[in-house]
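First chain written, first letter: the chains are A, B, C, D, E, F, G and H, and each begins at residue 1.
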C-alpha cells in the first residue's frame, strides 16, 4: 500500500464516501489471497516485475497445478523448479506449451519473450557434470528476459581453455559461474572480468567434496572481490539475482 | 594485452621497426611488477576501473607501506582492510590524509570523491553489534564512488522497525544487509525490495552461532530469491560487489 | 510413590496387617510392566495427564500393535508418530477408528475430544513444504485437548503476509512455528507476539540447508527472546510442549 | 498500532479535526525513536509487559549507558546481559542501585519487585561449573517477577541426588535445566515432572564437548517430550521464555 | 615368535642341524597364510584366545565363505558381523548350524559353549529401537563365552524404570549400554554401578541426532568417569571389549 | 539404600522402635549433604571403593578447598584434575602433602598407597607432546592403587620402537594409549596385546587435527576390536576406567 | 604455445608470408576443440605424456562415447573412471578391447603396454573392503606404464603382517596406501619405507567413520613425514600422482 | 636389520664366535636409544638418508636441546619446526650456526650443503600472507639438499600473473603450492605443469575459511589429477615429500 493509496482512502473517509469500518477493512486488505495450502501473492511479480516461480520440491502435483493455473491467469511466464517428471506431465494440462528440462528438473512456460535485460548474462560451467545446474541458471535468465551466453566446460585445471574464452566472458554484463569439486573457477573468472560474478557451488564430486560443501567454502573465500555466492545447486537463484542486476 | 596492442606490435614487426626478440619480450611483458614479496598489478584498477585495495591481515606494516606507496603513485584512492592500529599509524607516512576506522579496522585514502555509482547503495545492519561490518561495507562503497544510505539496527524480531524503514530501502539500487545471530534480515529485506541484496553474515553471537556459521547458512538458504552472499564479516567484499553492480 | 502411599504401607506394617516382605515387595513394585521388548509405563499418562504416544520408527508393526492395544485399555486417546502405511493398516485391527495422516506419518485414536487447553495454540508454517511437520504438531495438540489455529505459508520473504496474519497470531496463548530453509520465521513471529514460541526446524531445503541444520542454527540464535526450539522435524515434540504450556 | 488507535485517527480525519497529511504522518509514526546507533522500542516492554533487556556484548559502555538511561525513564526494571566489569562500573552512573553479577556477567536494576508469575520456576544446574548460566536464568526470572527455586549440582551420574530433589522439582510450574558435558539432565528431569522443561546447554566441558555442541545435540534429541531448548549458555533466553510461560 | 622359539632355532644353527638359509627362512615365516584377497591370521584367535570374527560388510559372499571355511577348521566358534541375508544363506554351506540374526545382521556358529567369563555381562538398551545393536553385543558376548543379562528399554526419561533395574545392573561385572537419541543412559547407569561401562551410541533418532553423532558426543562427555565408548552401532566391539574385561 | 537396610527400618517400624515419621525421614535421607554450591556424595567413594576426585575446571579455589577439606576427612586419597597453579597453592592449606603436576594440571593427595589393582596398567604415549595426558592417566592409576608401567614416545611411524616395547606391553593387564595427530597407535597396540585397550585422543597436532578430532575419530574407527575410547585429553577418565578393570 | 612457435609466426609476419589478421587468429587458436558439452584438449596427454582419462560420473553414456572415440583417435590408451555397467557396455562400440572392472567401476583401453615408469609402484590395501579403491589405483598405474606390486590386506592391527611385507614395500619407488576406518596404515608404512607414500582414504567403515572423513583426517595428520594425501576413494588420483613420480 | 646382517650374526653363531645369548641380545638390539622422554632413532636419517627433524611444538626448550645435541653428533644438518624464539635462543648453545626463521618458526642447522636433489623444486605461494608456510617448505627443501625456486604471490584471481610465471614453473621437477582462502592455486598450477604438485593449505583467511578447512577441501577436490595434499600449514611435510620425490 503506497502513500498515494492511503491518501485516497483517507480522502474518501473525510468526504464521507467511505465509512470508517470499510476503510479499516480496505487498509487491512493486503493484495494476496489464500488457496488454503499456499498463500499466493499476485502482486509479487508485479512489485518485482518478475516471472512467477514455483518451487516444485515438497509439493504434490495437485498443489503445483493449482498454484500454476492461478499464476498463469495473471502472468505470461512461469518457472517451476525442482519438479519431477510427474509434475511435468501434469503441467501440460494447464499449459500445453510448458517445456520440461529433465537434466535440471525445470518446467518453463515462456510466452513473453521480450528482452528486458540490458546486456548479456554469461553462464559458465566448470565441467560437463555441472551443466544441469548451469542450465537451470540459463533457463531462469531467459524466462526473465535476458540474452544468455552459455560457456561450458572450462575448468581451472585447463587454464588455457579459460583464457581462450576470456573475450566472450568480458562481453558479459553479469557472469554466473557453476562449479563443483574445488569450486575454483569463480575466482579465476572473477580475476578476468570487471563485472559482478554470481558463483553457484554444485554438488558434483565425491569424497571430501561433501555434496558441494568444498565448492561452497571455496567460493565464499574467493580471492577475487567481485564474487557473491548462492546456495549449492541453486542455479535458479543465481539466474534470478543476475537477472535483477541485468535490469538495473 | 588487447588485440589492438597486439596488432600494433605486429605491425611494427612487419615494418621492421621492432626486432622479433624485442616483440616477444614486449608480448611477454605483462603489466605488473615485482616487489619481492608481492606482485603488484598496477593495471588491475585500470582494468576494473576500481579503487586499489590492500588486505592488511598477514602483512607487516613495512609490507603494507611499500605496496601502498607504489599504488598511490597511480591511483588517487586506496583502501586497506583488516589493518591494525600499528599499520594505521605507519600509513600516515605515505598518506597524511589517510583515515583510520578503528571499529572496522579499515584505512582509507579518499582523494577522488566523484560519484560514479548510478544510484544509492543501502547498507543495513541488524543490530548495533553488526555495525563494524556494515561500516566496512559503507567505507568501501564510498571510496568506490557511491552514495550510501546507512540504515542501522533494524532486526527481524522488531518487524515494525523494518517496515518503517522500507521506504528508504525501496529507493536503493542495491542493498547490503549485515546480520549475525540467525541471519534472517536479508530474507526479510529481500522480500521488500526488488533489487539485488548482498548479504553479509557477521560473526556476532555466541553459542550455536558458531562464529557466523549460523548466519551464513541462514543467508544461503534464504527464501528470498534476490539474495547473494559473501564471506562471514566480509563487509569489504559486499561493498565491492555492490559497487560493481551500481556502476552497471 | 507418594509420601502418603509410603505412610499407608508403613502403617500397615506397624499394625501387622502387612508382612515386611510384602511391604518391601510393594515398595519395589513400581507401576510399569514388562512386555519383553518394551517396558510400558501405564501411569505416565496418569502422572502427566497426557495422551499416550508411541514412536513408530524402529518398531515392527507387531511391536506397535502390542503396545497400542495395551495402552488403549487404559487411555482413550493414542498417538503413533513416524508410522508407515503398514503400521497404519495394522492399527485398524486394534482401533477401527484410528486415523492415518500420510503426510506426517501419524496415526491418531481420538476418542476423548474434551478441550483442556486454556487457550488457542497457533500452528504456523513458513512454506507449503513445511506443512507435514506443522500437521504433526497440529494433530498432537488436538489429541491432547487443545483448540488449534493453523496458519500456513507465511514466509519471512513475504513480510506483508506475516503482518496480515498478526491479529490471528496475537490471539494465541502459545505459538508453534515450523520452518525450513533459513528458519527465520520464528524470530519474526516472536517479535510480533508476547507469548512463548516453540520453533520447529524442518528438513525442507537443499544444498547448504544440510537437512535442517541451517534452520536449527537459525532458530537457536533467534534475536527474539521468546523462542525455544525442538529437534528438526519434531512437530510432535513441539505440540507436546505447547500442550503442556497451554494446560498451565 | 491497534485497530482502536486507527479508528480514532480515522474519526478525527472524518471530523476534520486532523488534516490528512497529519494523519498519514501519525500512522507512519511507529512507536520507536532513533538514538543513531540503536533504535529503541519503548513500547516493546509495554507490548510484552516485560522487563527491558540490553545485550551488552558488542556495545561500548557509552552505548549501553545511553540506551539504559533512556529505558529507565519508562521502565522500573532493567537487565543488561553479557556485560563486563567496565560496563558494570559505568552503569552506576545511571542507576546507583544496579547490581552486578560477575559470574554471569549480568547487571540488574530491580525496582519493581512484584511477583506476577503464577507459580514457581525451578532453575536446575547439573554441576558447579554450570552455575553461572543457571544464575543468569535465575536473575532473569526474578527481575521479570517470578519466584525462583534454585536446585544446583544434581547431575545424571548421581541419580539419587536427582531423585532426592524430585519433590521440589514437582512443585515447579516451569523448570529450567542448565547442563554441560553430555547434557543429559533435562531428559531425566523431563521424565520426572509433567510441566514444560526449558533446557540450556552450557559450554562447560572439554575435548569432544565442542564448546557446548555435545550438550546442545543431546538436549535436542531428548527422549523426554516436554523439553525445548535454547542456545548454548543462553540462561537469559531460558529465563525469558520460562517467565512468559509462568505468566500464562 | 617367542625368545624360546628363537633360541631353539639358533641352537639348531649352532649344532649344524639347520642350515643358515633355512633358519633365515623359518625366522621370516610368520604364522599367517594368504588367500589372495585376505591374509588369514590363524594364530590371532590363539594369541587372543578369542572367537574368530569376519566383518561381512564390503566382502562378497564368496569371500566370506572362503574365509569362514578356513577359520572353522581351526576354531569351533565364528561370528560374521554386518552380513546380509545372501551371506547368511551361503553360510549354511559351510556350517549347517550357523544362526542368522536378521535384526542385527549377524551370523553365529556357536559350537563351544563353555563359559569362560568370570561374571555376568549386562547388556542394556535405552529403547526398543536400540535392540538390534544391543543384540549384536549380546551375541558377541555369548559366543565369546560369557553369561549375559539383557535389560532392554530403560531410558533416562523414565528414571524409575532404570532404578527398578538397578539391582540387576549391580550384579554385573561389566555393563554394556546401547542408546541413541541423546545417549544419556550410560551416564545414569555409570552413576549406579561401580564396574566398567562400555557405551555404544546407536544411529537411532532423527534430525539433529545426525545418525548417532549426538549420542556419541554425549557418551564421550559423560559425567560418569567409568564410561568408555566404542563406535556408533558397534555392538560387536562393545561385546568384544566387555568379553576381554570379563576374562580378566 | 539396600534391601537389608530397608528391612531393618521396617522391622523397627513394626516393633514400634521407630515412629513412622522418623522412618519416612530416614528412608528419604539419602547419604549426601549440601555445601550450597556442590552436593557432596560422601558415599560415592564408598560405593565405588574409589579415590575421591574433584574437577577443578570451572570452580574457584575457594570452592575446591571447601570440597577438598570435606572429602579428606573421610578419604585418605584425593585427586584434583584440571587445576591451575592458584588452586595448587591453595591446596597446601588443607593438605601439606598435596603434590602438584604442572604438565597435566593435576593435584594429588596420596596417603593410602596400598596396591589393590591385580596387575600392571601400561600407560603408553605416542609422542613427547602427549606426555601430559599420559601423566594424568598415570597419576590417576597410581592414586587408585595400581602399579603403572609408563611407555612413552613409541609412535606408529617408528614401528620398530613399538615392537621393541611389545614385550612390556604384553605384560600389562590393561593398556592405556594416549595419542594425538592421527591417533593410530591404539590400533597397533590393540593388535599386539590381548587385553582391553583404553584409547585417549589428545589435542596435540595442528591444522586438520582439529584439536583432537582426527585422533578421536581414528580411535573410534579402530580396526582392532579391543579398543574403547574416552574423551579428548581425558587422561583421568582413562585411568579411572582402567583402574576399575584392573580391580576385577 | 611455445616461444619457438611464437617466433615462427612472427618471422612469417615479418616476411609478409602471413598477414597480421591471420597471425592474430593463429596466436589465439589454442589446441583444443569443442564438442559442445565438453572441450577436448587433445594436447593435454601430449603435454603431460599421459594416458587420457574420462570421469564417467555425471556424464551420459552418449557423452562418454563421443569423448572416448575422439580421444582414441590420438591416444592408444584410455581410462574411464566412475563408469557404470551401462557405460561399460556402450564402450564396446568404440573399443572392442575395453576391459571393465566392476569392483572399481573403471573401464580401460590398454593398447600401448610399454613400461615407462622407472621402478615398482607398490599398491597396498589395509583390508579386503579397500580393494576396489586399491584396484582403481593399480589399473591407473598399469595403463600409465608402470610395474605394480599389489600388497593387499595388511592392516595396522596385525602389525606382524605389515612387517612380513616390509621387504616387498622397501623395493618400491613409490607406495600407494589405501585404507578406510582409522586410516592408520599410511603412517606405519611411511615409517618403514624411505620413498614417497600417497595415501588414499576410503569410505569403508560405518558410524563415526563418516564416509571416509576419519581416515582422511588421520592421514593428513600422519606422524610420518613422507605421506601426501588424495581425496577419499580417489584411487585414480593416487595412481596418477604416483605414475608422475615414477617417471621422474 | 637386513638379511645380510642377520646372516652375519647367524654365521658367527654357527662358528661359535658368538654365544647364543649374545646373538639374541644383538638381534633384539634395535638402533635407537632412550632419553627418557623421547626415544631417539639415530638410524632413521641413515635409513631415509635424510636430515634429522625435531617438532618443537609441545616440547620444552630443555627437551629440544637434549634431542638436538644428540642428533648433531651424528648428523650435519638439523631442522627444528614450530619452535618459538625461546627455543631458538637456547639452540645457540648447542649450535652457534643455527639460523632462526621467525616468520615460519623454524630453526636450521645447515652444515652439509651438497645438492642431492636431481632437479629444481618450485615453491609457490598464492598471497603474501602464505609466505611463512612457503618459507617453511623452502627451508626444508634446502636443508635436505635441493635447489629451490621460490615463486611468491601469484593468486588465481590474477591469472595473468600465474601465466607469466608458467615458464619458471615448467622447469621444476616437483612443485609445492601453498595457498589459503579458497585454495584454488594448486589446481591451476597442476593444469600447467606435468610434474607432481604437493599442495599445502594454509590457515590464512577469515570467516568461512575455518582456519584452512576451505583451502584443504578445495585442494582435495582438485580437478587437476597431479595434486596430492598435506596438512594445513604443513610446509615442512610438503618440503619433505617433495625432497623425497626429487631424490628419485
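The rule is short, and it goes like this: contacts are C-beta pairs under 8 Å (C-beta built on N, C-alpha and C of every residue); 3 or more make two chains touch, one makes a residue touch a chain.
Owing to the predicted nature of the structure, the values given are computational and were not obtained by experimental measurement.
Asks: Measuring between mean CA coordinates, which chain is farthest from subunit A?
Replies: F
Asks: Distance-wise, how many Å sit between the C-alpha centres of subunit B and subunit C, to the nearest whole number?
Replies: 49
Asks: Roughly how far is subunit A from subunit F, going centre to centre by Cα mean, in whole Å?
Replies: 58
Asks: Measuring centre to centre with CA averages, how many angstrom lie between subunit C and subunit D?
Replies: Chain centres of subunit C and subunit D, defined by C-alpha means, are spaced 25 Å apart.
Asks: With centres defined as the mean C-alpha position, give me the subunit B-subunit G separation in Å.
Replies: 40
Asks: Please set out, as single numbers or ranges, the residues of subunit D touching at least two other chains.
Replies: Subunit D, residues with two or more chain partners: 127, 158, 163, 207-209, 213, 216, 220-221, 231-232.
Asks: What are all the chain pairs that meet the touch criterion?
Replies: A-B, A-C, A-D, A-G, A-H, B-C, B-D, B-G, B-H, C-D, C-E, C-F, D-E, D-F, E-F, E-G, E-H, F-G, F-H, G-H
Asks: Using the touch rule from the top, collect the residues of subunit G that touch subunit E in their complex.
Replies: Subunit G reaches subunit E through residues 127-131, 152-154, 158, 160-161, 163-164, 204, 206-209.
Asks: Within their complex, state which residues of subunit C touch subunit F.
Replies: Where subunit C meets subunit F, its residues are 3, 6-7, 10-11, 13-14, 16, 20, 23-24, 27.
Asks: Which residues of subunit C touch subunit B in their complex?
Replies: It is residues 126-127, 155-159, 162-163, 180-184, 187-188, 190-192, 205, 207-210, 213-215, 217-224 of subunit C that touch subunit B.
Asks: Please output the residues of subunit E touching subunit G within their complex, sorted ascending.
Replies: Counting only subunit E, the residues touching subunit G are 28, 30, 32, 36-39, 41, 44, 55, 57-59, 63, 82, 201, 203, 212-213, 216, 231-234.
Asks: Could you pull out which subunit H residues touch subunit G in their complex?
Replies: 47-50, 53, 118-119, 173-174, 194-196, 198, 216, 220-221, 225-232, 236-238, 240-241, 244-246, 248
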